[in-house]
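Two complexes follow with subunit A in common, the first pairing it with subunit B and the second with subunit C.
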Partner chain A sequence: MSGRGGYLLRKVGWALLTVLVVITFNFVLFRVLPGDPAKSGLRDPRLNPAAVEALRERFGTDKPVFVDLEADNPFDSQFTAYLGALSRADLGTSYAFRDQPVSDLIGQALVNTLWLVLPSQLLAIILGSVLGLFAAWRRGRALDVGALTFSLFMWSLPTFFLGIILLVAGAQWFGLPTAGRVTIGANYADVWEAALDIGSHLILPTLTLTLVLLGEYMLIMRSSVLDVFGEDYILTARAKGLSTYRIIRHHALRNAMLPMVTLIALNLGFTVSGAIQVEAVYSWPGLGALTVSAVADRDYPVLQGAFLLIALSVVVANLVAELIYGWLDPRVSEG
Partner chain B sequence: MRRHRLFSLLVTLGLLLAACGTTQGTPAGSGGDGEPSASSGGGGTATGGTVRIGVGGYPDSLNPGNGVLAESYNMYELVYDTPISVISSGEYVAELATDWSVSDDGLTWTVTIVDGATFHDGEPLTAEDVAFSIELYRDTEDFPFLPSYAAPFETVEAPDATTVVLTTADPLVTFEAYMAFIYVVPKHIWEGVDDPVAFENEEMIGSGPFRLAEASQGEFVQLEANTDYWGTPPNVDGVIFQTIDNADARVTALTTGDVDAITEFPATAVSTLQNTEGITVHIADIAAGGSLRDIMFNVTAAEDCPADVGVCSGHPALKDLTVRQAMAMATDKQQIIDVATLGTGSPGLSMVPPGLGDYYASDVEDYAFDIDAANAMLDDAGYEDSDGDGVRECLPDQDCENLTFRFNYADDIDTAPREAELLQGMWEQIGIAVEIQGLDPDTLTSVCCPTFDYDIILWGWGSDPDPAFLLGVALCTEIDTGFSETGYCNPEYDELYDAQAVEQDHAARVDMIHQMQQILVDDLPYIIPYYQQSIQAWRTDRFVGWPEDDPTLGFEDPSGLLALRPAE
Partner chain C sequence: MTAVLEATTSTTVEAPRRAWRSFLRHRMGVIGAAMLGIALLVAAFAPLIAPYDPYASVRVNIGDIYQAPSAAHVLGTDDGGKDVLSSLLYGARVSLVVGFSAAAIALVIGGLVGIVAGYRGGWVGSLLMRITDFFLVIPDLALQIVLVAIIGPSLGTIIFVIGALGWTTTARLVRSQTLSVRERKFVMRARAIGAGDAHILRRHILPAVLPLMLANMVLVISLAILSESTLAFLGLGDPTVISWGQMLNFAFDRGAVSAGAWWALLPPGFAIVWVVLATTLLGTALEDALNPRLKRHHLEAPGSDVARDRTVPALVPPLAEAEAPILRVRDLSIEFDVGGRSLRAVDRVSFDLRRGETLGLVGESGCGKTTTVLGILRLLPPGGRVVGGSVLFDGEDLLSLDGRALRSFRWTRLSLVFQGAMNALNPVRTIGDQIQEAIRLHAPGTSKADAARRAGELLERVGIGRRRANEYPHTYSGGMRQRAMIALALACDPDVIVADEPTTALDVMIQAQILELLGGIAHDFGMGIILVTHDLGVVAQVCDRVVVMYGGVVAEENDAATLFASPQHPYTQQLLQSFPDLAHPDRPLRGIPGSPPRLDAMPSGCRFAPRCPHVFDRCVNEPPLYPAAGGRASCFLLDPAERRP
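Entry: the complex of A and B
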């Protein structure tokens, strides 16, 4: 097998295998945690043993985890039940919110998360790349030093701290909202008022997340462009008398983008995991917040669902990155 | 959030009734002119805009049977009615029930239900619905809490539209307390539900003063005034409970006016808020305190260790009462209150907090703080620091090296790390070392009970309106069930507990409950460092009538909304 078709097939095959491993690993991982979902979801030890038993039966945690060779049906286990349900695209019902299907919980949280994280990622990618490019171009000058200092500072600043500072400053000085996605219970006169409200709620969390993400993009872009600038073919281009714009646009950028594609793909993959700290500061009901509370409640079905979704999106993002790689640099897919 | 569910209800109900102004002296509305209701609010009912409350959590279910968190119960209190309510003085008063009585043998209860109450969908609320609700909670074993409040009722009947007759196998002294948890749901909706646990109850049809407008998991709950309420309807248009996860963000939201009130914020923000114009900080009177911090010791005796699950690895020296007494004497309760809670608590005694009225035994004899006496006591008992490392060695007949104890605290309590460090410093002075480790509540439960795989745990409790609930944690019979946290067992205590459970004379029951508190302090399965005072803060620019003039009302949960009216 060689050529593009083989490359594609190989990559997709590996991706599928990864997902299978993740499904199993997810299942084991949470059951290693100490604690009992039948009790922890309820946060009260004053349950009579019969009630706890009834809950275990409802959750299915009364069954063996993998196999019980002494039982009548050794394969009637939590794991086979999980795989069976998964094959029907059924993620189960939350333990902590006993009347809520996991898919509903995760679906709503996912929408909220994308709402916040996607604009931030896009802004950070665009601003970071442009800043990195200019910094590299102006290496050693004031712009470079300034951009570098700024990026390093933002990158190393704890997200939580930056979030709180921006929240207090933005709310006190500019009257921006402190929490949530919209003003709850607001009756909008028209579409513009609604947009304004949503926009004003987005400003602070997006700004926080963009600032935190921007540094990394800027630094990678800068060093990658600098690498390329050192190559012989750039020197040749210069010697040919090409304009700086042409050199960057046609000779440097495409090669310099390779590491960026990796980074963007990785980050976009993790986008769905939410921005746990930003979500916590701005009370954003996203996937990050949901995952954190699910860990505290030993809510296995929600955790399994959330981690599966995160794993899937990381795998898919990586797959896309590999494919883009092949297109940006044909040597990758031929080799 | 764990174990802090029940007490807030007491306050809720108190506020509700105070606000309705029917049976109470309307203390809550005394912000200006004494009469809180519609006449002073600008002419009509529900003229007043929507109150916004910033809260730390969010309800875990719209289905009253499924609720676990305090936030859920706050919502149920507003959307549903219960037959009987409890107010903050510990008194039980009528809500849906106009009257209730028990037969001479104490086994048959007859409850008269108010005539003319309706559900939010317009259907009348009758005794049928009350009976149905009691049976629903009793028979749905998978509901986490409510079945225990309905379990004693063997038969439930509604002979006519306003009468419910209940029978029990044994006399039930806590009848009123149980009735305060029966949220009456409409039979015409719920009888068609196959699996009540899986029922999302998205419409949430109740009969309470507010109805559900919209709810978004983890984000907000919006309630609107029920203008057709059979009692006195609210003066405001509605209320929004907005979830603001971060405590600093909650404080900021209040100062900028995004919300009108907040609950649950760090004591460190008190002075900032007190100095902000237009904001009132209300620290509840300790007499309304229903929550406590507890230091529990693993004292499980080998013969009491639960058969299958028990690990019972408690430190042998902690089973010696002398060691626990010395630790109690070396615990400076006031310092913990001053440093960790910035003064918002009062020194604790036993498992019954002052908010429970006459059940609280304030005259219990406690151990005076005295480091020297504590040291002398350990010296006399033979615990000596022979190797000079600052930690006393165990006695020869104990299977241990020295008095170094594992010390876990619940990491969801924000002041717990500070309190643990303070305790470490105090006990260090009597030659006792602790290794501190914070654990999440679930892990804590798994090391606690009924495995008893710990030495010392720092945790907290919120009390039921009735003391029987919290006093139950020290029973011998609860060791196997995991409700006992310490493995403590004293048959004399169990006897008193059984006796008070059927004692129909209130004074005699109170006396028994006081004796039990003294036993707990004498035997020291727990040290109670302090009882907590709740802190709330609110703005007065949009709404007035916050319950600030009543010292016994903590605004622990925001249902005083019923007394609120728009500012002029």
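Entry: the complex of A and C
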């Protein structure tokens, strides 16, 4: 395959394959390990007999795990039952939150997580790119050394610890809210008041996540820009009589953004890890906090669903980054 | 050009930077190692230095909880009334044990996967890399949480889970290193003489891969320590041991913030920072030392690329001429700062270029040809500067132009064709766009349409055709990129074009076409051309005059016909003998033994003396400098005062 269409097809195909593998992995992981929602549910004292029977039915625990070639219908198995349920967006019922479908729980949590992650990601990418660019341009100068030191320190600082420090400082000196998404029991007079309340709850978690991501993106941008500055076409641009500003704007920036896009995609796991920790510290009701509380509650259906959603979001975000790359770089038809 | 620049920069420009940076890194590595050493000592001797035993069970009194630091409890007490300092010291054990063990597991898995994928290649290799890619996509922490939650939070589980998920970067690193070693000559040779896989792996691959793996392991340790403390903070630590993450978990969950008990929060947090910082510093220093990444930087603000404060005796007396040449280079000297020393890369080079003339600048790689040209163009890499001489272009001294004047001079009067046009053209902009940019930059009133039309004409002129103006460089062949580069050089109708090795890396047919094109352009547009090359065949084909450079000085200068007919300098003679001569096809070819002198080991006498077949005493003691030595070459053989048999 060649050309942009081919590139697109390849990337989408790879993403679909990854999704399949993730789904299978998610099934096997919870089926072979002691945390099987089917088995644990059958024993969970919190569920009534009717619910247990529904579980047995849903998971098909009397059926083979993958295939049974001896049986009349070899594909009538636990795995196909799981796939069938997934296709109906049925992820089971939470143990801890009685009668709540897992899909509702994690759907709401995903929305909350995106409220936190998207602004942080955007801020960190913009600030990181600008600072990384300046650090590379002034390699070895004060700004560069400062940027490197900051990145190194941010890297060594566990996200949850940074969260704690900012939480204490923010609450102490600025009186900012430190837990949850809204003030509990608040009655808002109008929409603006509600927005203000949610916004003030967002400040500290967003700040923490932005700082953590910023160090990483700054380093990536710096080394990416340094690579580009060493290229011969930059020398050509100088010889042509372009000013340094024009060289950076018209010749260096776009080329430097290419590896940035790839590396941001590769770093999504890092973003997820940061978000989980920030949510835990600030009790932000997102996917990360839900995962952690599901662990504490031994709420395996929620754990399984949340993990699946996290993994799938990363695959999708990765695909988006690949497509942006294809749009930015005319050479993709080569590779 | 890249090759030549590399040859000069690797020994000259980057060296001081490299020395300084490796010193810095070395210092950072030393600090990291010392910090890690302290942590290891604390972990080993925790029972001896800790004032209390944090594992001893004591009855908790309400008054003992969150006591502020005092003489009895230097760092106060925690939520269980225990001594924070003692827990902190014991906590080092868990962090380091988990860090080292998990990293060891990751190293074994990653090393095996990387070596097999790199060495075997084929479908096994690509399958392994696909699996690695898959694990790179799955978010580590989420999977760690799930696995530890399901299996149960014991220290062993935590180590296993962190190790089993932390091998992907190691695998990628080891694979690329294995691949590069596998393709090297000595491994190919070993395989050719029948060495088995086991032998090659043990003797060649492992020694090359292991050091990098160890450096990488130190970084994996820092990641593992971070992961362990994160899991513990999230409540997934081993409940039977005391770790820093767990201390933070308990303190944070049990009211340390509202109690204002900073002593229960800050010490464990900064203890984690301490060991992660230590391992990161050490690991980064090790990786850099093993795998230094040097980078050129074409935009570094130069301190000053011209500093003509030296009192170097001029070799050429000022002379008045009726018709001034378009370019007159006089006693141009260029130095590079290397490790605190200034090394002279170009020494008092002089030549003239008349309008419409094609001048060849010839010599082996590393003779200062490209440096001379970059000095004239004021494009020297950082660390290099012109220390003497003058460059008069149409009567104006280029070396005294300021930034703005220099920018408007560039490309309108003098433009460049670089070697290897692939990298000299921006890969993400179309060819036409790059030509139009130059046109509109120097003639700001030009409309887009006019600029596009002119770019199309230029592409027609170089034989590409205007239809391909909207294509990107990677769709062009090597010869076409060189043509496009020439079209770009013509964009602002300059008086002089400098072509630096324009035909290197092209096949012979294409070479001939490019040269013909350059010759035709010089003729049609009446442009002067400076052709930098190591290829005498190219020079013979198109040049009117030739300047031969050796070791940063002019060895010989003459018009092309005379130079080829009767070369004066032994270097020129030998250079000619090393190229095939169509007029005498039966003449045996002879290479010149040895290589040009390095900048930091320049002979004090004649620079060619070590390789010269006619060398005598005077050559070793005193430098013959053109044209002071008389004649058209810098050689004492030509000195009438020298009576040689």
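Here is the rule we use: the second predicted complex is superposed on the first by the 264 of 335 C-alpha atoms of A that agree within 3 Å, B and C clash if a C-alpha of one lies under 4 Å from a C-alpha of the other, contacts with A are read in each partner's own complex, and residues count from 1 in each chain.
What we mean here is this: a contact is a pair of C-beta atoms (placed from the backbone, for glycine too) under 8 Å apart; a residue touches a chain by one contact, two chains touch by 3 or more.
Small disclaimer: the values here were computed from a predicted structure and weren't measured.
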item	value
Touched partner set for A:V281, first subunit B, second subunit C, both or neither	both
Touched partner set for A:L167, first subunit B, second subunit C, both or neither	both
Which superposed partner A:D99 touches (first subunit B, second subunit C, both, neither)	first
Subunit B versus subunit C as contact partner of A:T159, first or second or both or neither	second
First, second, both or neither for A:F30, with subunit B first and subunit C second	second
First (subunit B), second (subunit C), both or neither touched by A:R181	first
Contacts of A:A195 with subunit B and subunit C, given as first, second, both or neither	neither
Partner chain in contact with A:R139 - subunit B first, subunit C second, else both or neither	second
Contacts of A:S273 with subunit B and subunit C, given as first, second, both or neither	second
Of subunit C and subunit B, partner touching more subunit A residues	C
Common interface positions of subunit A, toward subunit B and toward subunit C	33-35, 164, 167-168, 171, 280-281, 296
Complex interface listing, subunit A residues touching subunit C	18, 21-22, 25, 29-30, 33-35, 137-140, 152-153, 155-161, 164-165, 167-168, 171, 226-227, 229-244, 246-248, 250-252, 254-255, 258, 266, 268-269, 272-273, 276-277, 280-281, 291-292, 295-296, 303, 307, 310-311, 314-315, 318, 328-331, 334
Subunit C - residues contacting subunit A, complex	1-2, 17, 134, 136-143, 145-147, 149-152, 222, 226, 229-230, 233-236, 245, 248, 252, 257, 262, 265, 269, 272-273, 276-277, 280-281, 295-301, 377, 379, 406-412, 415-416, 418, 420, 423-429, 437-438, 441-442, 472, 474, 488
Touching residues (chain side subunit B, partner subunit A) in the complex	1-3, 5, 50, 52, 54, 60-63, 66, 68-69, 141-142, 144-145, 147-148, 197-201, 213-214, 216-220, 222, 238, 240, 242-246, 248-249, 252-253, 255-256, 258, 412, 440-443, 445-449, 469, 472, 481-483, 485
Complex interface listing, subunit A residues touching subunit B	33-36, 39-51, 54-55, 58, 93, 96-100, 105, 108-109, 164, 167-168, 171-172, 175, 177-181, 184-185, 280-283, 285, 289-290, 293, 296-298
